[in-house]
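Okay, handing you the structure first.
The chains carry the letters A, B, C and D, assigned in the order they are written, with residues numbered from 1 in each.
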Amino acid sequence: MTKYVLPVRVYLEDTDAQGVVYNASYFRFMERARTECLRDRGIDHDRLREEHGVMLVLASIEAVFKAPARLSDMLYVSAAVDDATGARLCFKQQVRRHSADGEVVCEGAAEVACMDARGGRPRRIPATLRSELTA
Amino acid sequence: MTKYVLPVRVYLEDTDAQGVVYNASYFRFMERARTECLRDRGIDHDRLREEHGVMLVLASIEAVFKAPARLSDMLYVSAAVDDATGARLCFKQQVRRHSADGEVVCEGAAEVACMDARGGRPRRIPATLRSELTA
Amino acid sequence: MTKYVLPVRVYLEDTDAQGVVYNASYFRFMERARTECLRDRGIDHDRLREEHGVMLVLASIEAVFKAPARLSDMLYVSAAVDDATGARLCFKQQVRRHSADGEVVCEGAAEVACMDARGGRPRRIPATLRSELTA
Amino acid sequence: MTKYVLPVRVYLEDTDAQGVVYNASYFRFMERARTECLRDRGIDHDRLREEHGVMLVLASIEAVFKAPARLSDMLYVSAAVDDATGARLCFKQQVRRHSADGEVVCEGAAEVACMDARGGRPRRIPATLRSELTA
(Lines give C-alpha, C1' and ligand atoms only; values in the text may rest on other atoms or scores of the structure.)
Protein backbone atom coordinates (compact mmCIF):
# COMPACT_ATOMS: atom_id res chain seq x y z
CA MET A 1 0.00 0.00 0.00
CA THR A 2 1.49 3.29 -1.06
CA LYS A 3 2.27 6.01 1.39
CA TYR A 4 1.91 9.74 0.81
CA VAL A 5 4.78 11.93 2.07
CA LEU A 6 4.30 15.67 2.59
CA PRO A 7 7.27 17.99 3.25
CA VAL A 8 6.48 20.39 6.12
CA ARG A 9 8.71 23.28 7.17
CA VAL A 10 8.60 24.19 10.89
CA TYR A 11 7.67 27.85 11.40
CA LEU A 12 7.48 29.93 14.56
CA GLU A 13 3.72 29.26 14.77
CA ASP A 14 4.43 25.53 15.25
CA THR A 15 6.83 25.88 18.16
CA ASP A 16 6.42 26.66 21.86
CA ALA A 17 8.37 28.29 24.67
CA GLN A 18 10.19 25.01 25.38
CA GLY A 19 11.97 25.64 22.06
CA VAL A 20 10.46 22.65 20.25
CA VAL A 21 7.45 21.85 18.08
CA TYR A 22 4.30 22.06 20.24
CA ASN A 23 2.50 18.74 20.71
CA ALA A 24 -0.79 19.69 19.00
CA SER A 25 1.14 20.97 15.95
CA TYR A 26 1.96 17.37 15.03
CA PHE A 27 -1.76 16.65 14.69
CA ARG A 28 -2.08 19.63 12.32
CA PHE A 29 0.84 18.24 10.28
CA MET A 30 -0.60 14.72 10.23
CA GLU A 31 -4.02 16.00 9.15
CA ARG A 32 -2.39 17.88 6.25
CA ALA A 33 -0.72 14.64 5.14
CA ARG A 34 -3.99 12.64 5.38
CA THR A 35 -5.76 15.32 3.35
CA GLU A 36 -3.09 15.21 0.61
CA CYS A 37 -3.05 11.41 0.72
CA LEU A 38 -6.80 11.40 -0.05
CA ARG A 39 -6.59 14.28 -2.55
CA ASP A 40 -3.84 12.34 -4.35
CA ARG A 41 -6.38 9.54 -4.91
CA GLY A 42 -8.98 12.03 -6.09
CA ILE A 43 -10.95 11.84 -2.86
CA ASP A 44 -12.38 15.00 -1.35
CA HIS A 45 -15.29 15.74 0.95
CA ASP A 46 -17.59 17.12 -1.74
CA ARG A 47 -17.12 14.11 -4.01
CA LEU A 48 -17.63 11.70 -1.09
CA ARG A 49 -20.96 13.28 -0.24
CA GLU A 50 -22.18 13.64 -3.80
CA GLU A 51 -20.97 10.37 -5.34
CA HIS A 52 -21.06 8.08 -2.34
CA GLY A 53 -23.48 9.76 0.09
CA VAL A 54 -20.96 9.39 2.91
CA MET A 55 -18.71 11.57 5.03
CA LEU A 56 -15.52 10.75 6.89
CA VAL A 57 -15.38 11.68 10.57
CA LEU A 58 -12.31 11.43 12.79
CA ALA A 59 -12.89 8.83 15.51
CA SER A 60 -9.52 8.80 17.28
CA ILE A 61 -5.95 10.01 16.92
CA GLU A 62 -2.72 9.36 18.76
CA ALA A 63 0.92 10.35 18.65
CA VAL A 64 4.07 8.93 20.22
CA PHE A 65 6.90 11.45 20.49
CA LYS A 66 10.36 10.02 19.76
CA ALA A 67 12.57 13.10 19.41
CA PRO A 68 11.96 16.87 19.42
CA ALA A 69 11.71 18.87 16.18
CA ARG A 70 12.78 22.51 16.17
CA LEU A 71 12.29 25.84 14.39
CA SER A 72 13.33 25.73 10.69
CA ASP A 73 13.51 21.92 10.59
CA MET A 74 12.26 20.36 7.38
CA LEU A 75 10.02 17.42 8.20
CA TYR A 76 8.55 14.66 6.06
CA VAL A 77 5.08 13.71 7.25
CA SER A 78 3.65 10.49 5.89
CA ALA A 79 0.15 9.05 5.77
CA ALA A 80 -0.63 5.53 4.65
CA VAL A 81 -3.98 3.72 4.65
CA ASP A 82 -3.35 0.84 7.01
CA ASP A 83 -6.78 -0.74 7.01
CA ALA A 84 -10.19 -0.11 5.48
CA THR A 85 -12.67 -2.62 6.86
CA GLY A 86 -16.38 -2.21 7.50
CA ALA A 87 -17.02 1.42 8.39
CA ARG A 88 -13.46 2.10 9.62
CA LEU A 89 -10.51 3.58 7.80
CA CYS A 90 -7.16 3.54 9.61
CA PHE A 91 -4.07 5.60 8.80
CA LYS A 92 -0.52 5.04 10.00
CA GLN A 93 1.56 8.18 10.11
CA GLN A 94 5.14 9.15 10.71
CA VAL A 95 7.08 12.38 11.02
CA ARG A 96 10.75 12.19 10.03
CA ARG A 97 13.36 14.91 10.09
CA HIS A 98 15.16 15.78 6.84
CA SER A 99 18.69 14.69 7.74
CA ALA A 100 21.23 12.06 6.85
CA ASP A 101 19.56 9.42 9.02
CA GLY A 102 15.94 10.63 8.60
CA GLU A 103 15.38 10.43 12.34
CA VAL A 104 11.80 9.57 13.36
CA VAL A 105 10.37 12.47 15.35
CA CYS A 106 6.84 11.21 15.89
CA GLU A 107 4.67 8.20 15.08
CA GLY A 108 0.93 8.53 14.83
CA ALA A 109 -2.31 6.82 13.97
CA ALA A 110 -5.76 8.05 13.02
CA GLU A 111 -9.03 6.16 12.83
CA VAL A 112 -11.74 7.59 10.61
CA ALA A 113 -15.39 6.52 10.63
CA CYS A 114 -17.44 6.37 7.45
CA MET A 115 -20.84 7.90 8.19
CA ASP A 116 -24.03 8.37 6.23
CA ALA A 117 -23.92 11.97 4.96
CA ARG A 118 -27.55 12.52 6.01
CA GLY A 119 -28.31 10.50 9.07
CA GLY A 120 -24.84 10.60 10.54
CA ARG A 121 -24.89 6.85 11.23
CA PRO A 122 -21.95 4.50 10.57
CA ARG A 123 -21.96 3.04 7.07
CA ARG A 124 -19.79 0.47 5.31
CA ILE A 125 -17.14 2.11 3.16
CA PRO A 126 -18.50 1.83 -0.42
CA ALA A 127 -16.59 -0.81 -2.44
CA THR A 128 -15.40 1.63 -5.12
CA LEU A 129 -14.11 4.00 -2.46
CA ARG A 130 -12.40 1.15 -0.64
CA SER A 131 -10.56 0.09 -3.77
CA GLU A 132 -9.37 3.66 -4.39
CA LEU A 133 -8.18 3.89 -0.81
CA THR A 134 -6.26 0.64 -0.78
CA ALA A 135 -4.94 0.73 -4.35
CA MET B 1 -18.66 53.53 26.82
CA THR B 2 -18.05 50.46 28.93
CA LYS B 3 -15.24 48.13 28.22
CA TYR B 4 -15.28 44.35 28.58
CA VAL B 5 -12.21 42.79 30.19
CA LEU B 6 -11.45 39.08 29.82
CA PRO B 7 -8.76 37.35 31.90
CA VAL B 8 -6.59 35.10 29.71
CA ARG B 9 -3.93 32.73 31.03
CA VAL B 10 -0.93 32.13 28.72
CA TYR B 11 -0.47 28.42 27.98
CA LEU B 12 2.24 26.60 26.04
CA GLU B 13 0.01 26.64 22.91
CA ASP B 14 0.18 30.47 22.88
CA THR B 15 3.97 30.76 22.96
CA ASP B 16 6.74 30.26 20.42
CA ALA B 17 10.39 29.22 20.31
CA GLN B 18 11.48 32.80 21.05
CA GLY B 19 10.06 32.22 24.54
CA VAL B 20 7.23 34.75 24.23
CA VAL B 21 3.59 34.83 23.16
CA TYR B 22 3.41 34.27 19.37
CA ASN B 23 2.11 37.26 17.41
CA ALA B 24 -1.03 35.63 15.98
CA SER B 25 -2.03 34.45 19.48
CA TYR B 26 -2.88 38.04 20.40
CA PHE B 27 -5.50 38.08 17.65
CA ARG B 28 -7.03 34.91 19.12
CA PHE B 29 -7.11 36.60 22.55
CA MET B 30 -8.61 39.80 21.16
CA GLU B 31 -11.30 37.89 19.29
CA ARG B 32 -12.26 36.06 22.51
CA ALA B 33 -12.67 39.45 24.21
CA ARG B 34 -14.79 40.88 21.36
CA THR B 35 -16.99 37.77 21.47
CA GLU B 36 -17.53 38.10 25.24
CA CYS B 37 -18.09 41.86 24.89
CA LEU B 38 -20.93 41.16 22.43
CA ARG B 39 -22.28 38.17 24.41
CA ASP B 40 -22.36 40.39 27.50
CA ARG B 41 -24.81 42.66 25.64
CA GLY B 42 -26.89 39.68 24.56
CA ILE B 43 -25.56 39.77 21.00
CA ASP B 44 -24.70 36.56 19.22
CA HIS B 45 -24.53 35.52 15.58
CA ASP B 46 -27.78 33.54 15.57
CA ARG B 47 -29.79 36.40 17.09
CA LEU B 48 -28.22 38.91 14.67
CA ARG B 49 -29.30 36.86 11.69
CA GLU B 50 -32.75 35.99 12.98
CA GLU B 51 -33.79 39.28 14.58
CA HIS B 52 -31.88 41.76 12.46
CA GLY B 53 -31.15 39.90 9.21
CA VAL B 54 -27.50 40.93 9.40
CA MET B 55 -24.13 39.35 10.04
CA LEU B 56 -20.88 40.86 11.29
CA VAL B 57 -17.76 40.28 9.20
CA LEU B 58 -14.23 41.24 10.19
CA ALA B 59 -12.91 43.94 7.82
CA SER B 60 -9.51 44.71 9.34
CA ILE B 61 -7.42 44.08 12.47
CA GLU B 62 -4.17 45.43 13.77
CA ALA B 63 -1.89 45.07 16.77
CA VAL B 64 1.02 47.12 18.12
CA PHE B 65 3.33 45.15 20.38
CA LYS B 66 4.61 47.08 23.41
CA ALA B 67 6.20 44.41 25.58
CA PRO B 68 6.49 40.61 25.42
CA ALA B 69 4.17 38.33 27.41
CA ARG B 70 5.42 34.94 28.56
CA LEU B 71 4.30 31.44 29.56
CA SER B 72 2.02 31.41 32.65
CA ASP B 73 1.40 35.17 32.53
CA MET B 74 -2.12 36.23 33.43
CA LEU B 75 -3.33 38.80 30.91
CA TYR B 76 -6.35 41.08 30.87
CA VAL B 77 -7.69 41.51 27.36
CA SER B 78 -10.16 44.33 26.82
CA ALA B 79 -12.61 45.13 24.03
CA ALA B 80 -14.57 48.38 23.83
CA VAL B 81 -16.90 49.58 21.09
CA ASP B 82 -15.16 52.69 19.87
CA ASP B 83 -17.50 53.68 17.06
CA ALA B 84 -20.66 52.34 15.39
CA THR B 85 -21.48 54.50 12.40
CA GLY B 86 -23.17 53.50 9.15
CA ALA B 87 -22.24 49.90 8.39
CA ARG B 88 -19.00 49.93 10.47
CA LEU B 89 -18.40 48.85 14.03
CA CYS B 90 -14.98 49.62 15.51
CA PHE B 91 -13.38 48.05 18.59
CA LYS B 92 -10.41 49.30 20.55
CA GLN B 93 -8.51 46.58 22.37
CA GLN B 94 -5.74 46.28 24.88
CA VAL B 95 -3.77 43.47 26.47
CA ARG B 96 -2.36 44.20 29.93
CA ARG B 97 -0.28 41.99 32.16
CA HIS B 98 -1.55 41.16 35.65
CA SER B 99 1.07 42.92 37.73
CA ALA B 100 1.43 45.88 40.07
CA ASP B 101 1.69 48.35 37.18
CA GLY B 102 -0.61 46.53 34.74
CA GLU B 103 1.93 46.93 31.95
CA VAL B 104 0.42 47.24 28.45
CA VAL B 105 1.60 44.30 26.34
CA CYS B 106 -0.32 44.99 23.15
CA GLU B 107 -2.78 47.51 21.72
CA GLY B 108 -5.17 46.54 18.98
CA ALA B 109 -8.09 47.59 16.85
CA ALA B 110 -10.70 45.71 14.86
CA GLU B 111 -13.14 47.00 12.28
CA VAL B 112 -16.26 44.94 11.67
CA ALA B 113 -18.62 45.36 8.71
CA CYS B 114 -22.37 44.89 9.08
CA MET B 115 -23.56 42.86 6.09
CA ASP B 116 -26.94 41.70 4.86
CA ALA B 117 -27.25 38.06 6.03
CA ARG B 118 -28.53 36.98 2.59
CA GLY B 119 -26.93 39.09 -0.09
CA GLY B 120 -23.67 39.72 1.75
CA ARG B 121 -23.79 43.45 0.97
CA PRO B 122 -22.96 46.21 3.49
CA ARG B 123 -25.98 47.36 5.51
CA ARG B 124 -26.49 50.11 8.08
CA ILE B 125 -26.26 48.74 11.61
CA PRO B 126 -29.93 48.49 12.75
CA ALA B 127 -30.79 51.24 15.28
CA THR B 128 -31.75 48.83 18.08
CA LEU B 129 -28.49 46.93 17.63
CA ARG B 130 -26.53 50.20 17.58
CA SER B 131 -28.06 51.30 20.88
CA GLU B 132 -27.20 47.94 22.50
CA LEU B 133 -23.64 48.23 21.22
CA THR B 134 -23.03 51.75 22.43
CA ALA B 135 -25.02 51.62 25.67
CA MET C 1 -7.16 10.50 43.30
CA THR C 2 -8.58 13.94 42.76
CA LYS C 3 -9.28 15.29 39.33
CA TYR C 4 -8.84 18.86 38.16
CA VAL C 5 -11.67 20.30 36.03
CA LEU C 6 -11.12 23.38 33.87
CA PRO C 7 -14.03 25.21 32.21
CA VAL C 8 -13.21 26.03 28.57
CA ARG C 9 -15.39 28.16 26.31
CA VAL C 10 -15.28 27.27 22.58
CA TYR C 11 -14.29 30.27 20.45
CA LEU C 12 -14.07 30.68 16.68
CA GLU C 13 -10.31 29.90 16.83
CA ASP C 14 -11.11 26.39 18.10
CA THR C 15 -13.52 25.42 15.33
CA ASP C 16 -13.11 24.41 11.68
CA ALA C 17 -15.04 24.62 8.42
CA GLN C 18 -16.94 21.42 9.29
CA GLY C 19 -18.68 23.54 11.96
CA VAL C 20 -17.23 21.67 14.93
CA VAL C 21 -14.22 21.88 17.24
CA TYR C 22 -11.07 21.01 15.24
CA ASN C 23 -9.34 17.82 16.34
CA ALA C 24 -6.03 19.37 17.44
CA SER C 25 -7.91 21.94 19.57
CA TYR C 26 -8.81 19.17 22.04
CA PHE C 27 -5.10 18.62 22.67
CA ARG C 28 -4.70 22.33 23.43
CA PHE C 29 -7.64 22.10 25.87
CA MET C 30 -6.26 18.96 27.51
CA GLU C 31 -2.83 20.51 27.92
CA ARG C 32 -4.39 23.55 29.63
CA ALA C 33 -6.13 21.19 32.08
CA ARG C 34 -2.90 19.23 32.79
CA THR C 35 -1.06 22.51 33.40
CA GLU C 36 -3.72 23.72 35.86
CA CYS C 37 -3.84 20.29 37.52
CA LEU C 38 -0.08 20.54 38.21
CA ARG C 39 -0.23 24.24 39.13
CA ASP C 40 -3.01 23.39 41.60
CA ARG C 41 -0.53 21.10 43.40
CA GLY C 42 2.15 23.80 43.32
CA ILE C 43 4.10 22.12 40.55
CA ASP C 44 5.58 24.21 37.78
CA HIS C 45 8.49 23.75 35.41
CA ASP C 46 10.84 26.17 37.20
CA ARG C 47 10.30 24.50 40.57
CA LEU C 48 10.75 21.03 39.07
CA ARG C 49 14.12 21.97 37.64
CA GLU C 50 15.35 23.88 40.64
CA GLU C 51 14.09 21.71 43.49
CA HIS C 52 14.11 18.31 41.85
CA GLY C 53 16.55 18.64 38.93
CA VAL C 54 14.01 17.10 36.57
CA MET C 55 11.80 18.13 33.70
CA LEU C 56 8.58 16.61 32.37
CA VAL C 57 8.44 15.78 28.67
CA LEU C 58 5.35 14.61 26.80
CA ALA C 59 5.87 11.03 25.56
CA SER C 60 2.49 10.27 23.98
CA ILE C 61 -1.05 11.59 23.74
CA GLU C 62 -4.31 10.26 22.39
CA ALA C 63 -7.93 11.26 22.02
CA VAL C 64 -11.11 9.34 21.23
CA PHE C 65 -13.89 11.52 19.85
CA LYS C 66 -17.37 10.64 21.14
CA ALA C 67 -19.50 13.60 20.02
CA PRO C 68 -18.84 16.93 18.31
CA ALA C 69 -18.53 20.19 20.27
CA ARG C 70 -19.53 23.45 18.62
CA LEU C 71 -18.96 27.21 18.69
CA SER C 72 -19.97 28.82 22.03
CA ASP C 73 -20.23 25.49 23.86
CA MET C 74 -19.00 25.53 27.43
CA LEU C 75 -16.81 22.50 28.04
CA TYR C 76 -15.41 20.98 31.20
CA VAL C 77 -11.95 19.54 30.60
CA SER C 78 -10.58 17.26 33.30
CA ALA C 79 -7.11 15.96 34.07
CA ALA C 80 -6.39 13.29 36.68
CA VAL C 81 -3.10 11.64 37.51
CA ASP C 82 -3.80 8.00 36.73
CA ASP C 83 -0.41 6.53 37.45
CA ALA C 84 3.04 7.70 38.55
CA THR C 85 5.45 4.78 38.47
CA GLY C 86 9.17 4.78 37.73
CA ALA C 87 9.88 7.59 35.29
CA ARG C 88 6.34 7.72 33.86
CA LEU C 89 3.42 9.92 34.81
CA CYS C 90 0.06 9.13 33.20
CA PHE C 91 -2.97 11.41 32.96
CA LYS C 92 -6.54 10.44 32.13
CA GLN C 93 -8.55 13.23 30.59
CA GLN C 94 -12.13 13.90 29.61
CA VAL C 95 -14.00 16.67 27.85
CA ARG C 96 -17.67 17.03 28.79
CA ARG C 97 -20.23 19.47 27.50
CA HIS C 98 -21.99 21.77 29.97
CA SER C 99 -25.53 20.43 29.66
CA ALA C 100 -28.14 18.56 31.69
CA ASP C 101 -26.52 15.19 30.94
CA GLY C 102 -22.89 16.39 30.75
CA GLU C 103 -22.35 14.50 27.53
CA VAL C 104 -18.79 13.20 27.02
CA VAL C 105 -17.31 14.85 23.94
CA CYS C 106 -13.81 13.39 24.04
CA GLU C 107 -11.69 11.04 26.15
CA GLY C 108 -7.96 11.38 26.24
CA ALA C 109 -4.74 10.19 27.79
CA ALA C 110 -1.27 11.65 28.10
CA GLU C 111 1.96 9.97 29.14
CA VAL C 112 4.72 12.19 30.49
CA ALA C 113 8.34 11.14 30.97
CA CYS C 114 10.39 12.41 33.89
CA MET C 115 13.83 13.36 32.55
CA ASP C 116 17.03 14.60 34.09
CA ALA C 117 17.02 18.38 33.58
CA ARG C 118 20.65 18.32 32.43
CA GLY C 119 21.34 15.10 30.60
CA GLY C 120 17.85 14.61 29.24
CA ARG C 121 17.83 10.96 30.33
CA PRO C 122 14.84 9.23 31.98
CA ARG C 123 14.85 9.52 35.78
CA ARG C 124 12.63 8.07 38.51
CA ILE C 125 10.04 10.58 39.64
CA PRO C 126 11.41 11.92 42.97
CA ALA C 127 9.44 10.53 45.95
CA THR C 128 8.33 13.95 47.23
CA LEU C 129 7.07 14.89 43.77
CA ARG C 130 5.29 11.56 43.44
CA SER C 131 3.44 12.08 46.70
CA GLU C 132 2.32 15.55 45.63
CA LEU C 133 1.11 14.16 42.33
CA THR C 134 -0.86 11.29 43.76
CA ALA C 135 -2.16 13.01 46.92
CA MET D 1 12.53 45.59 -4.82
CA THR D 2 11.84 41.90 -5.29
CA LYS D 3 8.95 40.19 -3.64
CA TYR D 4 8.90 36.66 -2.24
CA VAL D 5 5.80 34.59 -3.00
CA LEU D 6 4.97 31.48 -0.97
CA PRO D 7 2.22 29.05 -2.06
CA VAL D 8 0.02 28.08 0.91
CA ARG D 9 -2.70 25.42 0.80
CA VAL D 10 -5.68 26.00 3.12
CA TYR D 11 -6.22 23.04 5.46
CA LEU D 12 -8.96 22.37 8.01
CA GLU D 13 -6.71 23.79 10.78
CA ASP D 14 -6.82 27.22 9.07
CA THR D 15 -10.59 27.52 8.84
CA ASP D 16 -13.36 28.29 11.33
CA ALA D 17 -17.03 27.48 11.87
CA GLN D 18 -18.05 30.35 9.58
CA GLY D 19 -16.66 28.21 6.74
CA VAL D 20 -13.78 30.55 5.88
CA VAL D 21 -10.12 31.03 6.81
CA TYR D 22 -9.95 32.26 10.44
CA ASN D 23 -8.58 35.80 10.82
CA ALA D 24 -5.46 34.92 12.86
CA SER D 25 -4.50 32.26 10.28
CA TYR D 26 -3.60 35.02 7.83
CA PHE D 27 -0.95 36.24 10.28
CA ARG D 28 0.50 32.73 10.42
CA PHE D 29 0.60 32.67 6.59
CA MET D 30 2.18 36.12 6.38
CA GLU D 31 4.83 35.21 8.93
CA ARG D 32 5.74 32.10 6.91
CA ALA D 33 6.20 34.34 3.83
CA ARG D 34 8.37 36.87 5.75
CA THR D 35 10.50 34.00 7.08
CA GLU D 36 11.04 32.56 3.58
CA CYS D 37 11.67 36.06 2.17
CA LEU D 38 14.52 36.49 4.70
CA ARG D 39 15.78 32.91 4.32
CA ASP D 40 15.90 33.48 0.55
CA ARG D 41 18.41 36.30 1.17
CA GLY D 42 20.43 34.12 3.51
CA ILE D 43 19.13 35.85 6.62
CA ASP D 44 18.20 33.83 9.68
CA HIS D 45 18.02 34.55 13.38
CA ASP D 46 21.23 32.72 14.31
CA ARG D 47 23.28 34.54 11.67
CA LEU D 48 21.79 37.92 12.66
CA ARG D 49 22.85 37.43 16.26
CA GLU D 50 26.27 36.00 15.51
CA GLU D 51 27.35 38.17 12.59
CA HIS D 52 25.52 41.38 13.32
CA GLY D 53 24.76 41.22 17.07
CA VAL D 54 21.13 42.13 16.42
CA MET D 55 17.73 40.50 16.58
CA LEU D 56 14.52 41.33 14.74
CA VAL D 57 11.40 41.83 16.86
CA LEU D 58 7.87 42.30 15.52
CA ALA D 59 6.61 45.80 16.38
CA SER D 60 3.21 45.86 14.66
CA ILE D 61 1.12 43.92 12.17
CA GLU D 62 -2.12 44.58 10.37
CA ALA D 63 -4.44 42.96 7.85
CA VAL D 64 -7.29 44.21 5.71
CA PHE D 65 -9.66 41.48 4.58
CA LYS D 66 -10.91 41.84 1.01
CA ALA D 67 -12.56 38.50 0.27
CA PRO D 68 -12.94 35.20 2.14
CA ALA D 69 -10.66 32.23 1.43
CA ARG D 70 -11.99 28.71 1.95
CA LEU D 71 -10.94 25.11 2.66
CA SER D 72 -8.67 23.62 -0.07
CA ASP D 73 -7.98 27.03 -1.67
CA MET D 74 -4.44 27.49 -2.93
CA LEU D 75 -3.17 30.89 -1.86
CA TYR D 76 -0.11 32.88 -2.85
CA VAL D 77 1.25 34.84 0.08
CA SER D 78 3.79 37.55 -0.73
CA ALA D 79 6.26 39.47 1.40
CA ALA D 80 8.28 42.43 0.11
CA VAL D 81 10.65 44.68 2.04
CA ASP D 82 8.97 48.07 1.68
CA ASP D 83 11.35 50.15 3.74
CA ALA D 84 14.49 49.67 5.84
CA THR D 85 15.36 52.93 7.53
CA GLY D 86 17.05 53.50 10.87
CA ALA D 87 16.04 50.67 13.20
CA ARG D 88 12.81 49.82 11.32
CA LEU D 89 12.17 47.23 8.65
CA CYS D 90 8.76 47.31 6.95
CA PHE D 91 7.12 44.54 4.93
CA LYS D 92 4.15 44.82 2.61
CA GLN D 93 2.21 41.61 2.22
CA GLN D 94 -0.59 40.26 0.10
CA VAL D 95 -2.61 37.07 -0.05
CA ARG D 96 -4.04 36.17 -3.47
CA ARG D 97 -6.17 33.22 -4.45
CA HIS D 98 -4.92 30.87 -7.17
CA SER D 99 -7.55 31.55 -9.84
CA ALA D 100 -7.87 33.10 -13.26
CA ASP D 101 -8.06 36.63 -11.84
CA GLY D 102 -5.78 36.09 -8.82
CA GLU D 103 -8.29 37.75 -6.52
CA VAL D 104 -6.75 39.59 -3.56
CA VAL D 105 -7.97 37.98 -0.33
CA CYS D 106 -6.03 40.01 2.21
CA GLU D 107 -3.51 42.84 2.34
CA GLY D 108 -1.13 43.19 5.23
CA ALA D 109 1.81 45.03 6.66
CA ALA D 110 4.40 44.21 9.30
CA GLU D 111 6.88 46.49 11.03
CA VAL D 112 9.96 44.88 12.53
CA ALA D 113 12.36 46.56 14.98
CA CYS D 114 16.07 45.90 14.88
CA MET D 115 17.25 45.43 18.48
CA ASP D 116 20.60 44.89 20.11
CA ALA D 117 20.83 41.12 20.73
CA ARG D 118 22.10 41.70 24.29
CA GLY D 119 20.55 44.80 25.69
CA GLY D 120 17.30 44.61 23.76
CA ARG D 121 17.51 48.28 22.77
CA PRO D 122 16.72 49.62 19.27
CA ARG D 123 19.75 49.66 16.94
CA ARG D 124 20.29 50.91 13.40
CA ILE D 125 20.04 48.10 10.88
CA PRO D 126 23.69 47.28 10.00
CA ALA D 127 24.60 48.57 6.49
CA THR D 128 25.51 45.13 5.11
CA LEU D 129 22.21 43.71 6.36
CA ARG D 130 20.31 46.66 4.90
CA SER D 131 21.83 46.11 1.48
CA GLU D 132 20.91 42.40 1.56
CA LEU D 133 17.36 43.30 2.55
CA THR D 134 16.80 45.90 -0.12
CA ALA D 135 18.77 44.27 -2.96
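The rule is short, and it goes like this: contacts are C-beta pairs under 8 Å (C-beta built on N, C-alpha and C of every residue); 3 or more make two chains touch, one makes a residue touch a chain.
It should be emphasised that the depicted structure is a prediction, and the values quoted were computed from it without experimental measurement.
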| item | value |
| --- | --- |
| Which of B-D and C-D has more C-beta pairs touching across its chains | B-D |
| Equivalent of A-D within the choices B-C, A-C or A-B, defined by over half of its residue contact pairs recurring | B-C |
| Whole-Å separation of chain centres (CA-atom averages), chain B against chain C | 28 |
| Distance from the mean Cα position of chain D to that of chain C, given in whole angstrom | 34 |
| Whole-Å gap between the CA centroids of chain B and chain D | 23 |
| Multi-partner residues of chain C (each touching 2 or more other chains) | 12-13, 24, 28, 31 |
| Chain D partner contacts - residues on chain C that touch it in the complex | 12-13, 15-20, 22, 24, 70-71 |
| Chain B to chain C touching residues, read off their complex | 9, 11-13, 28, 31-32, 35, 44, 72 |
| Sites on chain C touched by chain A in the complex | 23-25, 27-28, 31, 57-65 |
